[in-house]
Structure formats: C-alpha cells, structure tokens
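Take a look at the structure set out below.
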C-alpha cells in the first residue's frame, strides 16, 4: 500500500487524519468529499484537504444520484423502519460506498479510510457495504487505531498547522443529508424525559410552529414526485423545498426508544421533514389507486425493504426483487395529494388520480383549476 | 312465532317498528335497549317503547361489560384496522348480539328484529354474529321489509300516537359508543375535498384546539389502563375522561378513503379520541418492555385481530388463539406512559416500566414523585 | 342476442345443449373446443358439434399457450395451494376465458354459454374471470336453467339425433389437462376411509409402481425447464414425458381433506405427476441458488400466488407484481436437478448450478459428463 | 474456582478432559451425564468418569422430561425448520442447559465445561443458552483450549490409565437423541452427489424397506400423542416404538443443502423417523379440526418457533407467547390419524375426530370398532 483513499468531511478529526496517515503509514493520502445534501459549504474543503497534506482532493456533488438511485426507490417501496423511520443515514451509505470504490479504482489503491465520528454500528455497516462491493478492499478507521482524545486531536492539528475554524471544528456527531438527520442518542437512563429541544436543529417544535396551517400539493408520476403546488421540479429541488416548509411547521420529528433486554434502553431521534411528508403523500396515493390486498402486501414488503436498508444489505438480491415488485405497483401511482402541515402534523386532506374512480381532478369537481386553487392556499 | 324481540334505540323508525310488527305479524313485541356509552339519555326510552305498544321493555347498561370483554382485549391486541382504525362499531356488535340472544332465550322467542339505520354491511355483520351465537334464531329487519320513506314513517308514527320529539326523531345515521363514533360516508365522487367539518361532532378540529398542549399520564397494569395522572379509575371512567380531554385537543379523527376498483371510492370517518390515545400509549409501553421480534409479531397479529373484528368474526377460534398469545405479552405491559395532546396530535413523550432497564420511575430519576409532577403538568 | 358462443367439450350434455339453445333462445349456436392437454381426441368433435346443429365449430390447440402463459409462471412462482396442490383446473380457467372472449368478439356475440359438468365453485370462478375480461358479456349455463336429469338428457339427445357413443357419453366429472387432473369429491361422511383406488386414473399406486427407482434430470434455464436427461424439449413435450414416467412411479397424487366447520368435511384429490415433479425440482434449484431470506419470501409469495389462482383472481394486479418479483429471482435459477422417482415419492438427489458454489457440474466433480451418466441412470 | 462441572458423554475426548481439567486448573471435576434417548448404555459411565478422576459423577435419565417439556411443545407448534427439519439436537440443548445449571448450583460451582465433539455453531448455541439461564456461569470448552489431535488424545488417555474401548472410543460426531439424529456434513464441494448410504444409521433406505406397507394409527388428546394402534403409552414409549417401525420403512430421512453465497454449499442430514411421522399425523389432525385461516396462521407461527429453537432462543418470550397461542389451538386436536408407512414415505390415509363433522369414528361410520380394525390392519 502506497496510497490511501480517505473519506473526508472537512471536520477537525478527519483533517488531522491526513498528516497522521501520511506519517504513520508513509503513504500518499487522497481525499474524497461528497455533497449528499448535508447543507455544508464544500467550497473550501478541497483547499483544506490539500493544506493538511492530501496529494489530491476529490469533491463530488452526489445529490441528484442520491435522490434518483436511493431515496426514490426507498420512497416508492415505502421503506420506513419500524413503519416510521425513513433511514436517511442508512440510505446514504451505499451511495458513499459506491463512490469510494470507484475513486479507489481510479486512484489505483485498495485501502480506504473513513470517518470516526459515526457510531460503531454505522461504521461496521459502511465497512460491510464496501467489502460487498469490492472484497479486495482494506478498510481502515484511523480514529479507532489512533485513539486520541479531542484535546490531543486539537493539539496534533495545531502542530501540523491545521486551521481550527469554529465551523470545521464542530465535530459532526450526527448524520445529516438531503433525506434527513439521524441522531443516535445511545443508551438512556431515563426514558421518561423527552430529549432536549436542542437535539433538534432542522425542525421547529410543534408549539413554535406557525399558527396558520400550510397546504401543499405533491404530484406524482409513476411513483416519482415531480411537482409541488403544480410547479414541476427535480427530485432534489422538490425534497429541499418541501423539507423547508415542513420543517417550519414542525413536521418530521421521530423518536425511537428501543427496548434494552439486558441493559438500558436506547434512544434514536430523527428529523426528516421532507421524507415524512413525501412518505405520507406517496402512501396515500398508492392506497388510493391500489386494491387493498396489494396495498397491504406492498406495505409489508416495504417493512422488509427498510430492514435491508437498516442492516446494510442494500445490495441484497432481496431488495432487487422487491424493487421489481414495487415497479409494477408504481405504474398506477400517478396523481396529486393535498397535504395540510400544521403544528407538527402532516395530514392528507385530498387525493386525486386518473386511476381512481373517486379521484377526478378538482377542476371537474369543484370548478376551479388545481394549480390556481393551490396557489391561493399558500 | 308469537313474540318478537326488537333491538330498540328510541329513534323514530324503531319506535314506529313496534306497532308495525304488532300489526303485521300479530305478535307481542318486546324491546331491548342497551347503554353502550352512546351518550344518549335512556331514562325515558322504556316508557316510549311501552307507549308505542311494546309488551315489555328491557334497558341494560352494558358499558362495563363492553370495556372489559371487548374494548380491553382489542386494545391489548393492538387491533387497529389498516393499522389505524379502532373499530368502535364493529367491536360493539358482538356485545349487542350476546345480549339479544340472552334476552330472546329469557323471553322464549327465536325471532329477533333489529334497527334499520345502520349500513347494509354492518347489518349483515350483526345478523351473522347472531346466527353464529344461536343458529336457531330468525333475524328480521322491519325496515327492509317495510320500505317506508321517512315521511311515511312520520305519518305512520303520528297515526299511532308516537311522540316525535326532535331528539328522538333525529335518525342516528352513525354508530356511536364508548369507544368512538364511526361514520360511513359511502361512495364519494370527489376524494379531493375534505369531509365537511360538521361531519365531526365529538372532536374539535386541530385549528380550534387550545393553544397550550395538555399532558396526560396513563398507567397500565398487565395491559389494562388503570389510572390517568395517577388517579385510579375504572376502565369506563378512564375511557370517558381521557376521551373528553383528547377530543378537546382535536385528537382521534381518522379518515379512510378506500380504493374503488370498479366504481367510486368510499370514505369512512371515525372519531375515537380515547381509543386513539390509549392505543398510542399501550403500543409504546408494549414496545418498551418487549423484545423487538415479539413486538413486531404482536403488531402483525393485531392486524389480523382487527380484520376479524371488522369482518364480524369475533367468535372465530383465531381470535381466541391470538388472545392467548397477547395475554402472555401483556404480563410485562405494566408502567406509565406520558402523552402530549396538542392540536390534533397525540405524542408519547415519556415511558417507564419496572420491566425496562431505561424505565425507572421519575421519582428515582428526577427527584420528584410521579403523581405530584403529573398533577403539576396539567 | 342472435348468436351464442358455447364452450363445447364433446360430451353428451354440452352436445345436447346445442339444439336446446337453438330451440329455446331461437339463436345461432357457435361452439368452441380447446385442446388443453386433456388427452382426448378432438378430431371428430367439430363434426359432432355441427351434426348437433352448431352453425360453426372452432377447435383450437392451446397447449403451448397454456404452458407458456399459465403453467410456467405458476411453476416459477411456486404456486402450490396449501403448499401442495398445483391447481391444474384453476390455472386453465383464465386461458379458456381468454379464448372465449376472443372468439365471442370475432363472432360478434356478447353471450357465452359454458359447461355444466364442473362444480358450482369452478363455474362461478370461470364466470367471474369472463366478466373481468369483458364486463359486457352475458354468461349463461344451460344446464342450470335446463335442469334435466341424466336420463332426460339422453332422451332429449336421442330425439335430436345425437349419437350417444360410450366415450362421449361418459360425463367428464373431472377437470383434466396438461398440468394434472383434479377431482372434487365433495362432502365426505367419513374421512377415515381412503378414496377408492379407482378415483385415480393417471397415476399408479405406490404399491403397484416398479420395483426399481427411476432417475430423471431436469435442466432449467432462468426458471424454465428446458431439458430432461440432457435432451432439450418444448415445455409441452417436457411436461408430457415427465408426467408419463412420474405417473408410472406413482408420483403426483394429492389429497386435501378440508375442515367443515358447520357440516361434513370435503375431499379433493388431484393427480399431477408432472406438476409435482417439476415443482420439487424447481423449488430445490431455486433454494440452491438463492439466499435463504429471499428463498423464504419467494415461497411465501408463492402461497399468495396460489391463493389468487385458486380464487379466480388471475388478472389481479397482485399477481402481476408477484410475477415481476419472481422474474428477478429466476434470473439465477439455471442448472440441473436430479430426481429419484420411486414408489410414489419424488426425491431430489442432486443439484448443480453455475450460480452456486457447491454446484459444479458432475463432469468437473466426478469425471464423467452429465448427459452420459444421466443416460446410464435410466 | 475450585470445582468444574463437566458435561460428560463417556467418549474418549470428554473422558480425557477429566484429568486434563484436574491437572491444568487444579480443580475438582464433577461430571454430569444425561440419558436423552441417545440409545447408548449409561450403566458404566459413572465408573468410567470416577476412574478417570472425577470427584462425583451424576447420571440422569431425562427422557420423560425431554418429551414433556421440549418435544411435545415443538410437535404441537409444528416446529419444523424450513418446514421440514424437526431439530432434534437444537431441541435438546435447552434441556441439557437446564440440568447443567441445576447441578452446578447443587455443586456450588459457576464453571461448566462441555463437550468438544459438536460443531462450532451448536457449541456457541449451548453456551448462549447456559448464559441466558445463569449469567454468572463461566463456560469452558476444554477441547478448544486444549487443541490436541485425536492421536495425542489417545496417548494422553493411555498415560492416564483411561480404557479405550471401541465403543467409548468412537467419537460421537453426531447429535442423537430420542427425537432424531442430526449430522452436519459441513461444506460440500459437490451437491450433485447424494450422501453416502453409510451416513444413515437409524433408517433403512427406501429401496431396502419391506415390500409391504405398514399402517399405524396415532391417537392424540389435545395435541398430545397418547396411543398407537389403540394401545395407550407414554410419550417416550410412543416415540420409541413409532420410531422403530418408521425407521424400518425408511421414513424420516431429510437432507438440507444450503446455499453458500460466498463459498461452498453446506449439507445437513437428519434421521428422525418418529418426529417426521408424528409431525405428519399431528399436522393432518390439526388441519382437520381447525378453520383454514387459523391452521395457516398456526403453521406460520410454527416456522417462527422452529427458527427460535434453531437459533438457540428457546427462552425467548416469543416462544412463550406462541406456546400460549398453540395451547388454544390444541384444545380441539383430539382424534386419531391413520398412516401408511411405505418405502420411505409416510402418508396419511385416514383421520377422525369428535371435533370434525366428517370425522366420526369408523365404528359409527363403518360398523366396526377402531381398535379392532386397527389391529387387523397390521
């Protein structure tokens, strides 16, 4: 090994990992940074990597690919873990793994290093996916080997001339991307207390949401959301804009408190305003155009799908077979769903589809065209 | 046949049925009226029946029995139709059937007549349950044979000296009882429009709910809710008081729009503030004390249970077997769940149980005793 | 209506139906007869129909289409009712319905009449499928309207100059086709007694089967059986020849005794030597090349598939979605299965596939080529 | 630690483990040997243990307990792994664990050592069950630490004066008990070849089975087999005698070839003549007295049950809940099933039950009493 590919997010610890890897392994370090909609500026990340000693720094915008190849299939399959959680972090891992493998091949290396800031479970999961995609890869986690405290990292960084900006310094203890933000709060001693309000950074609380409800219409074509309020947009744009309005209205908070059979319970929270809203809209439209037995079977397969995503088994043939099943169901999932966002809740208040007998367009039923009325409702 | 037992609700049409049955069949008519928590005064119902020509009028308060034998088993099983609908009307039918069969035996008749005001589906369902319980019964539906219009009924009633009070006159087009209120809105031409606000009579709309959230604690013992905010009460009291507060906060509205493969879609709405709140609390506590695989299996069996209830198969051996399964699971479902009711949503914000590692009591965790803090939260 | 299309099988009752329909409805009768592998000569059936008064007589060989469009999809899906019964009759109904609809359109009629000899359940099922395919069709069942006894039918036939040959006369009380033979024995008073040996006409009993086992190799390509013992053949040929050898060895008998909750139990028997053998081979190969979780899920969907076929819901969108799922699974179901047929049992004794690590070809493992050794094994 | 409890089977390796443990740990060794129906004489096992240096040697006959507490619940639940395998070894592990824990407590030790001869998977499974039952236990596996070859073991034994009898010497590479015999053949390079006939030691091959079929009647009371051919016997007697006759007729062989996604396939074979016969009889009777929807649900839960047993999760609360479910179903599983055992196959040929409409006793239906006719059929 004379070159290591490092998954690089610009934070202090992975920045410090660059000189550390160079010094300890005597290798060239190449970094890869991906824009998956985490909402952080990546402009200066290349320079920061090079300044820290990277030989080359790749920066890729993967948002469209994330939406097309991972988010939309999961949305169509109704992949909600425990029938609730849209799994933003788990859905992003196979995307990241795909590009690490690709860049590793381009760079002619079989050693990949990745971040230390995620929990043990998700790290193991990313390792597994990497090895499934390319069994010849060696995956190293510098932080695990390194074992420095935060203060030692800072000192090591200073010694190596790494700028410690407040923003870059803030260790990203959460997974955040286009589809949502997951925070594994780990073992909790007291499941009686709510998580602190400060645990949520994307969504407003229901009590602080606006006093007036918002109404949004989402239009689907064969299971793909293609427009909001009659305005066509790309999946990334739609997820972003829908997420913004839903977050303001407090929609998209989830909390999973898990049974701990031989120890304390664990708590995971998630903020996924766009995901929660789109799943609600898609599910309602799918039910509206699908016979009940098929709708139920599809929902059950969606639970399986979510389990596969959660367990790092994106590349399982089982997922492929469910995708094929879902593709048939989606052939009819065309139409528009009207949602009310109010005080933390997302509620379907209307649905229409050319494939449903009771789903004629509002223009036929109510005398006004849909886009106009939709505009007025905002 | 020389005597008919008539299920009597005091409304105009079943009142008019009394003289009609007497005249057409030349039989004695005995009425049976049940208090299932429909919230209507039954004091004068006996006199009204006798005045209309009934030989005897039975009036029974079945609320405790309804809660004990039907509501609580369904709550414990997590019996939500389509994972949402608590099925108040369907749960009540086997209770009514049980007592009609019993009174018919006491009265020495094998002919039972029942109300005309419910939809065809639920009428067929009640008929089926009656025949399952006693295959020797003949079930007649006067209104179907009779076929009078509303105006003709009124005239017929006048001719027979039946008082047409506004309240008794109001045909109860809905099923309402302790567990909730179901309204089958039937085929809809336009699934894009929300049901009119006037369709809801128990619950406030989210927008009209109080600006401040309410917090409620529900305590369970082996799956049975036994106290709210630390105050022990009977199941009927608990359902009633919890329903009152949840209704004020707009909690418990449901809408099921169903795919109509060869005709218009159908819409059913339901208001079940206590049921929705208790199911949320019970489900969370059950998950909190149950390993994940068992929690999932139990939830899947709950779907089956709801299907059986919905399909009028309460007496199916399958239900009995699921009951036995659930009874095992419930052995650990002891503890308290803290709920926030706010603007139409019911959200679990705390849970504790002696059977969960992270579920210590607030007094141990936070220094104050639970009942005290609970009182303060209201 | 001035023309009726009659599904005609050449038996006495449907032959007699020709003049009866002409006389009672004053219409032209056109017959349609299908070769679905029932193993009866259809050469003289056209003349017999015309002699009885039919205006035109269509005779179609549908065997290849039956195999391609119905048998193979069901085989690949593992569609065994109650995990055992390959449903030959139910699988054939949508095929027959498809062609009745087609010929009715060609003949410019919307009235279809069909046989009286099957049970009420399957008749209703065929009616349903016909109406699903073409809601404008009127389906009449002469025998139900007619209501003649067997003796009266014979007399009516004699009066109308219909030859009553022993073979044509023998009322076909069973459904038989390429995929097997179903006999609904109806309510039984005594489930303690076996059905009489004479109930089986295709298969030998295990005790009368040859003393030496037969070995057969079936080769699949993407889930389609393409060769036996290394000899490529069409699906129809393969089913026919495999059925012949399996029948000799007593393979393919099934008995379903069904619980009768409020009356006697019912018994259905089935002889399906090729179907039983091919399902065993396909299932083993599928398992051999498929991860366990996917193999199980596929098997569960196969149960659903069989239910849909059994319930006359071939055209359900659910079936289409399962087909798409299965198509993905079948991509790897390529290889050869070696079976031992002996004394009523079909046992897998070897399997190989390019998609399985332990599935190398016998030539690599054992030094001799497969076709050669296979030939020797017979 | 000054005392170790050793699970002792009398074979060379565990015998040699006695002095080895004494020498290496400087502790007292107490042995425990269990008769679980493995069909080996345990008379001299105590003396052999003491001769090898054990301080005390417990020998317990657990056959009745095995049948009552483990085999019968699994039979009633229909616990067949992959819907085929009765899991004799996995069912026996929690029984052995229970008694090891009990004896360890009596002996005042928290260290348990057990045999080395089983595969890694089952060893881990027994370890897990032991720790579930008593988390304070330390489990040691001498052979793993020891790491001697077979020849070295023999030499070590000779040096310590341990008699190497041919029978005791024969390393039991298989798990065998009252319910059957499992042999994990491990990775196979060639799934095209059958296992050698010598792999089977209990059952005859179908081709060597008698030329005449045997008929056996098994009577159940609430799901418990209580008589064969009308002769009442204990569960152990019934399993033993039924196993003997079924084995002669070649019934009870199973082969599971498992997909190896990233390596060779694995093969496990099993001989379980009594288990296969009893499962067939029980399943048929259960279906005969149970509505179809409940029969299917029970069968699906049986698959879960088998998974729990297979995965060493006997003490899972999920199993307890399924047990409660099954107990309800079994309330009606009373009656007699008639089986034909012939040439490797076990086929149900008659069934009767007081709970089935078509299940009257042969005496009522046919004029002769069942026990008499049953005797004649042999």
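For this structure, a couple of remarks:
For clarity, chains are labelled A, B, C and D in written order, and residue numbers in each chain start from 1.
FYI, contacts are C-beta pairs under 8 Å (C-beta built on N, C-alpha and C of every residue); 3 or more make two chains touch, one makes a residue touch a chain.
Predicted, not measured: the structure shown is a model, and the values here were computed from it.
For the pair chain A and chain B, there is no chain touching both partners. Set side by side, the interfaces C-D and A-C show unequal numbers of C-beta pairs in contact, with more at C-D.
Inter-chain centre distance (chain A to chain C, centres taken as mean C-alpha positions): 49 Å. Mean C-alpha position of chain C lies 41 Å from that of chain D. Residues of chain C in contact with two or more other chains: 290-291. Contacts between chains close into a ring here, every chain touching precisely two others. Each chain pair that touches appears in this list: A-B, A-C, B-D, C-D.
Against chain B, the residues of chain D that register as touching in their complex are 290-291, 293-294, 297-298, 304, 316-318, 320-329, 332.
Across the complex, chain B is touched by residues 83, 187-194, 206-207, 213, 255, 257-266, 284, 287-292, 295, 338, 342-345, 347-352, 356-362, 365-366 of chain A.
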